[in-house]
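First the structure, then my questions, so here it is.
Letters A, B, C and D name the chains as they come in the text, with residue numbers starting at 1 for each one.
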Amino acid sequence: MDYFIELLFAGLTRGSIYALIALGYTMVYGIIGLINFAHGEIYMIGAFTSFIVATVLSIYGFPLLAIVIIAAVAAAVWSSAYGFTVEKLAYRPLRKAPRLAPLISAIGMSIFLQNYVLLAQTSDFLPFPELIPEFAFMEPVAHIVGSSDMVILVTTAIVMIALTCLIKFTKIGKAMRATAQDKTMAVLVGVNVDRVISATFIIGSALAAIGGLLIASHIGQINFYIGFLAGIKAFTAAVLGGIGSIPGAVLGSLVLGLTESFATGYISSDYEDVFAFSLLVLILIFKPSGLLGKTETKKV
Amino acid sequence: MFPVKELKRSALTSLWFAFLTFPIMVVKVDPIERVVSWRWDNMFFIAFGSFVFSILAKVFIIQKERRASKKKQKTISEPLVQRIVREPRFLYPLALACFIFGISFPFLFSTYQTNIMTTALMYVVLGLGLNIVVGVAGLLDLGYVAFYAVGAYSYALLNYNFDMGFWTVLPIGGLLAALLGIILGFPVLRLRGDYLAIVTLGFGEIIRLVLENWNDFSQGPSGIANIPRPSFFGMDMTFAGGITYIYYIILVLVVLTIFVVNRLQNSRLGRAWLALREDEIACEAMGIDKTKTKLIAFSLGAFWAGFVGVIFAAKTTFVNPASFTFLESAIILSIVVLGGMGSIIGVVIGALILILLPEYLRALSEYRMLAFGAILVVMMVFKPGGIISNVRRNYKFKGLSVVEGKNNE
Amino acid sequence: MQSGLKKKLLVAAVSLGFAMAAPVAGMAADTIKLGVAGAQSGDLASYGLPTVKAAELVVAMYNAKGGINGKMIELLIEDDVCKPEVATNTATKLVTDGVHVVLGHICSGATKAALPIYKEAGVVVMSPSATNPDLTQSGDYPNFFRTIASDDAQAQTEVDFAINVIGAKKIAVIHDKGDYGKGLAEFAKKFIQESGKAEVVLFEGVTPGAVDYTAIVQKIKRKGADAVIFGGYHPEASKIVSMMKKKRLKITFISDDGVKDDTFIKVAGKNAEGVYASGPNDNSANPLSTAAIDAHKKEYNEDPGAFFENAYSAALALLNAIEKAGSTDMADIVKALQTETVATPVGNIHFDTRGDAVGVGFAMYVVKDGAYVEVK
Amino acid sequence: MLELRNVNAAYGNIQVLHNIDLEIHKGEIITLIGANGAGKSTTLMAISGIVPVRSGKILFEGKNISKVSPEKLVSMGISQVPEGRHIFPELTVMENLDMGAFLRNDAKGIKDDLDYVFSLFPILADRKSQDGGTLSGGEQQMLAMSRALMARPKLMLLDEPSMGLAPLIIKQIFEIVKRINKEHNTTIFLVEQNANQALHVADRGYVIENGVITISDSAENLLKNQDIQKAYLGI
């Protein structure tokens, strides 16, 4: 039973990280129908920014709490700035282009950003400062669920609730939903669609940056390549849940995380990714729009 | 004269980039020695560079608009390449010249150049194969590399276990890949565009992971070495001879592929694909069997990938799963989109650019992939329809203008 | 008919190819061309670049003495990104440029792909880091040599240490699914089973770059392993050890020379304490080794990276063989490599008939106070 | 209030509107009638800034608005109820109405307008928290009009409000159109295929054929015009 709970928490932790990244994919897809392949790189840049800021601050002797807060804010700010700029440079000019053009642009952007960080920083793995301390009160259960797992779970939950409120109740949230559902009509009621799309990129990037900060301090290292696999997995999770759907992205991520964790625990980690992708194929065969996706009626 | 407003905007752009790149470009920390180096000179370069660049981009755009507005008053003139493609008068001599150049290539250049060109030609065929799936039939396949892997491993394994020769395996590899395409296609082809994309991506990864983990079958990550090059009537060949030989094999395959794909596009089936790409529901109403038509496109694309896979194994004489990653699929897809979806010549040009570019960008050494990514983005932004944008689109508006009226397809 | 034409074309092509290669070879008489191939960009660049630096240092030293038999040595440096398909291009380029001997490649896969090309052209290749046993044991590559011991030797060292020194009874063997890591792990598994003194309770691969390794660590714990043998590189190793620490799992962690790298200690920090790793014999007492490192520091102003000493030694061995043989002919060089003992930073070595260096072995190291020290 | 002078507009290469001239005065109900594909909706989309104007001028309260962005036009007082209603299907009725007032910040005014639209269409008040997509066609039309009213427009563009609705509801809708025009002093530009109904509420009307305005007259005269009777009124 202990083992089951251990794997459960491992899966939830992993799923939470996927969720933070998957939301960016799903929100962008919901609004402009683009698979933003560079999103994994935004997550990586978030992790790198928080690494740089946190290390600099710790060298200058700031207290831990200040470091955590400043690093998180900096990561969110710069990731958002990158998300915003990438959209403006690589996707906005292609708003009316053939459907695959922005996809290739996104792949190019992804390659570019990876190599940009590689060249400006280093190809080596870097030790990420420990931003999450080992809490004393967690000690009795630390072998099952550690402090960093807990922080990840709690933070993700808070972020999810905040995002839901934002989408549900604020003006920009409503504008985002309206734009996703009917772009022309959104324009006709006075929504500046360009601004809404930028906002979507900014919010999605900030979430990914939080994910980057959390996971980097959880596993204790980063390099320029961490965005690739995490991005692909998060994207898979978003599709699994029904791409375009926000609760779908969260559910899909948790399902994916748990599948990987239990598959590793009870079967073998050799085929961890095979299980993940097979699950995706199976679910899509029986539910072609993902777990919470709506069956689309195609406009004729 | 350049407007002052634009200068101000460029200044703002440069400020923005200075801010944007600040943590990554300027700060470098050594977490072990606990030292921070501030590379302010980088910030200066970025600010200056982006200032100059944004002005250049603006000038470029203004000129483009000016040219476009001038053009609008006359007829819309076609790009040069497209006109050449259209006119048999230009096309045939050009094709002949290309062919002669292709044949004499190994005589003109070194073995190394021939080797690189062989790789490029392999991607031409891969691009043309994927073009059937993505460009013509409109099915977004992000796992195309799986079929390539199937071809490569067919040759490696059949040769290793049963000592089968290159020429025997060549068709088998293609058929196995096509078969796999059918098996995969059945359940997934009813998925909508982007769902299909991620499922094929997942499938490509599954194939690679199986090859990586199933040691008894594929020898795992260490791969299979000592795959023989194609034999030439039992004659043993020198290394340079082998390279040249494979070059000619792939050259013949390129010609064959172009011929077949061209015929296919103008056939009933080709038109059904195009129609399917434009509007699935209307197609069904007109009695086109959607699943069957898609399946044929999917397996035909796979067949070509399998073919090239066999040649890949013979050329490198070594296969391991690391050669079949998602990036490979992405590059083949980029070839198709960059060249211009659905256009044969576009795909050929796209493949030559994308494969030869990194090879000749070696001079840029570590900036190679950075430049590659940037070029992909820039090409897409300035030419979203690809180098040769789809010629066929014209016949929708047949007779609307003088130039388009000439289109006698 | 057509095939006849093809044959003619081919013959013509081949002869032309030679005709073009000939002047290159003729010119080459003036210099001895040493090729250096390996990953110089991409994620494995940190394993390939030290080799380039080692070659530069050795060549500069030789050329300062007036070269070999009056001929200067010229370096031809090519990047293969550790990818087999690129490595064939790299090898072709080097062969076309008339290279005499090659120092490289860095990764076993790339080396395997490139070797037939060198074999065909009669070029001797010596790798500082390709450890796959097949390279020497299969007998397929008479032109291949290396200054590093092969994976099976290393796995044997690790297993002996785990069983005899640590006294492990239940061992979990983990790898990174890669060419090097998995190959090593396979050998470790085999040797453990053959020893009969311990059992393999878990044999699994982890996905490099995965966001989290908690599940596999929990599994190791559940299987009741008292030691882990890990085959792979340091990024995964440091993730696993820090996750073991987080999950309060206190068992011995033994790894390979992909982990016996100072970067591992830097990244894993205090979690690295007590980790065992096998690595090439400690050469710090060897004056040649200290001299090579000092030369590196002087020239590049930093400590040398991975496989630097092996690369330095390989460059010395290759040039020494050419000097002793008095020729750049493959057969002569091979003979000289097998018979002439040469003093290098990794010891006084010569090569056996399969191509492995005699006199290069593995020792076990442990991380103590932030540095690797040899376990006596 | 609104004036179109020599307006040409095109989708890509296909020109839809040719030299359109049209004038609407403050407080009027004007209707534009024509067959399917004659360019009625395109005219509205050109006014709203969705379809780009190739040449010519669109003047709104004396200012040329042919290059003004759509969202700016909404804040200037032009709202459109597009053909097919375009309700946001997964937003509730209340949220749909909120979107109508997207550019406004006067909480008090919004509250008043909300009360007003609920007085016009009491059924919407009952359905407040229901998703827009679950409403019936008639209710959706009411919601679409209310949403446009929430922007407190000076000029309301109404595209085919009767499409697909039962005769009884059509009657109700047209009555409300008149009420809005009177009570709220909103100028209304009504595009209709149902020419009979439209001409009965309108002050003046225009007829568009193949992208060209062919007739312009008072609604009364148009109703009497024999050609119109034949072509559009089915008499």
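The rule we apply is simple: a residue touches a chain if its C-beta (ideal position, glycine included) is under 8 Å from a C-beta of that chain, and two chains touch if they have at least 3 such contacts.
Since the model is a prediction, treat every value here as computed from it, not as a measurement.
The chains in contact with subunit B and with subunit C alike are A. Of all chain pairs, the one linked by the largest number of contacting C-beta pairs is A-B. Note: the chain lying farthest from subunit B is D, by mean C-alpha position. Annotation: 29 Å between the Cα-based centres of subunit A and subunit B. In this assembly, the C-alpha centroid of subunit A lies 37 Å from the C-alpha centroid of subunit C. Per-chain CA centroids place subunit C at a distance of 76 Å from subunit D. For this pair, subunit A with subunit D, the centres built from the Cα atoms lie 42 Å apart. In subunit C, the positions touching at least two other chains are 42, 177, 205, 266.
Shared contact sites, meaning residues of subunit D that touch two or more other chains, are absent. Looking at subunit A, one finds that residues 126-127, 270, 273 touch two or more other chains. Subunit A makes touch with subunit D in their complex at residues 171, 174-175, 177-178, 181-182, 184-192. Those residues of subunit A that touch subunit B in the shared complex are 29, 33, 35, 45, 48-49, 51-53, 55-56, 59, 74, 78, 81-82, 85, 89-90, 93-94, 97-105, 107-117, 119-121, 126-127, 129, 232, 235-236, 239, 243, 270-271, 273-274, 276-278, 280-281, 284-285, 288-290, 296, 298, 300. On subunit B, the positions that touch subunit A within their shared complex are 16, 19-25, 27-29, 31-32, 34-36, 42, 134, 140, 187-188, 190-195, 197-199, 201-203, 205-206, 209-210, 213, 279-282, 326, 330, 333-334, 337-338, 341, 366-367, 369-370, 372-377, 380-381, 384-385. By the touch criterion given at the top, residues 3, 6-7, 9-10, 12-14, 16-18, 20-21, 40-42, 79, 83-85, 88-89, 92-93, 95-97, 108-109, 112-113, 116-117, 120-121, 132, 134, 140, 177-179, 182-183, 186, 205, 266 of subunit C touch subunit B in their complex.
Taken in their complex, subunit A has these residues touching subunit C: 3, 6-7, 9-11, 13-14, 17-18, 123-127, 142-143, 146, 148-149, 215, 218-221, 223, 225-226, 228-230, 233, 260-261, 264-265, 268-270, 272-273.
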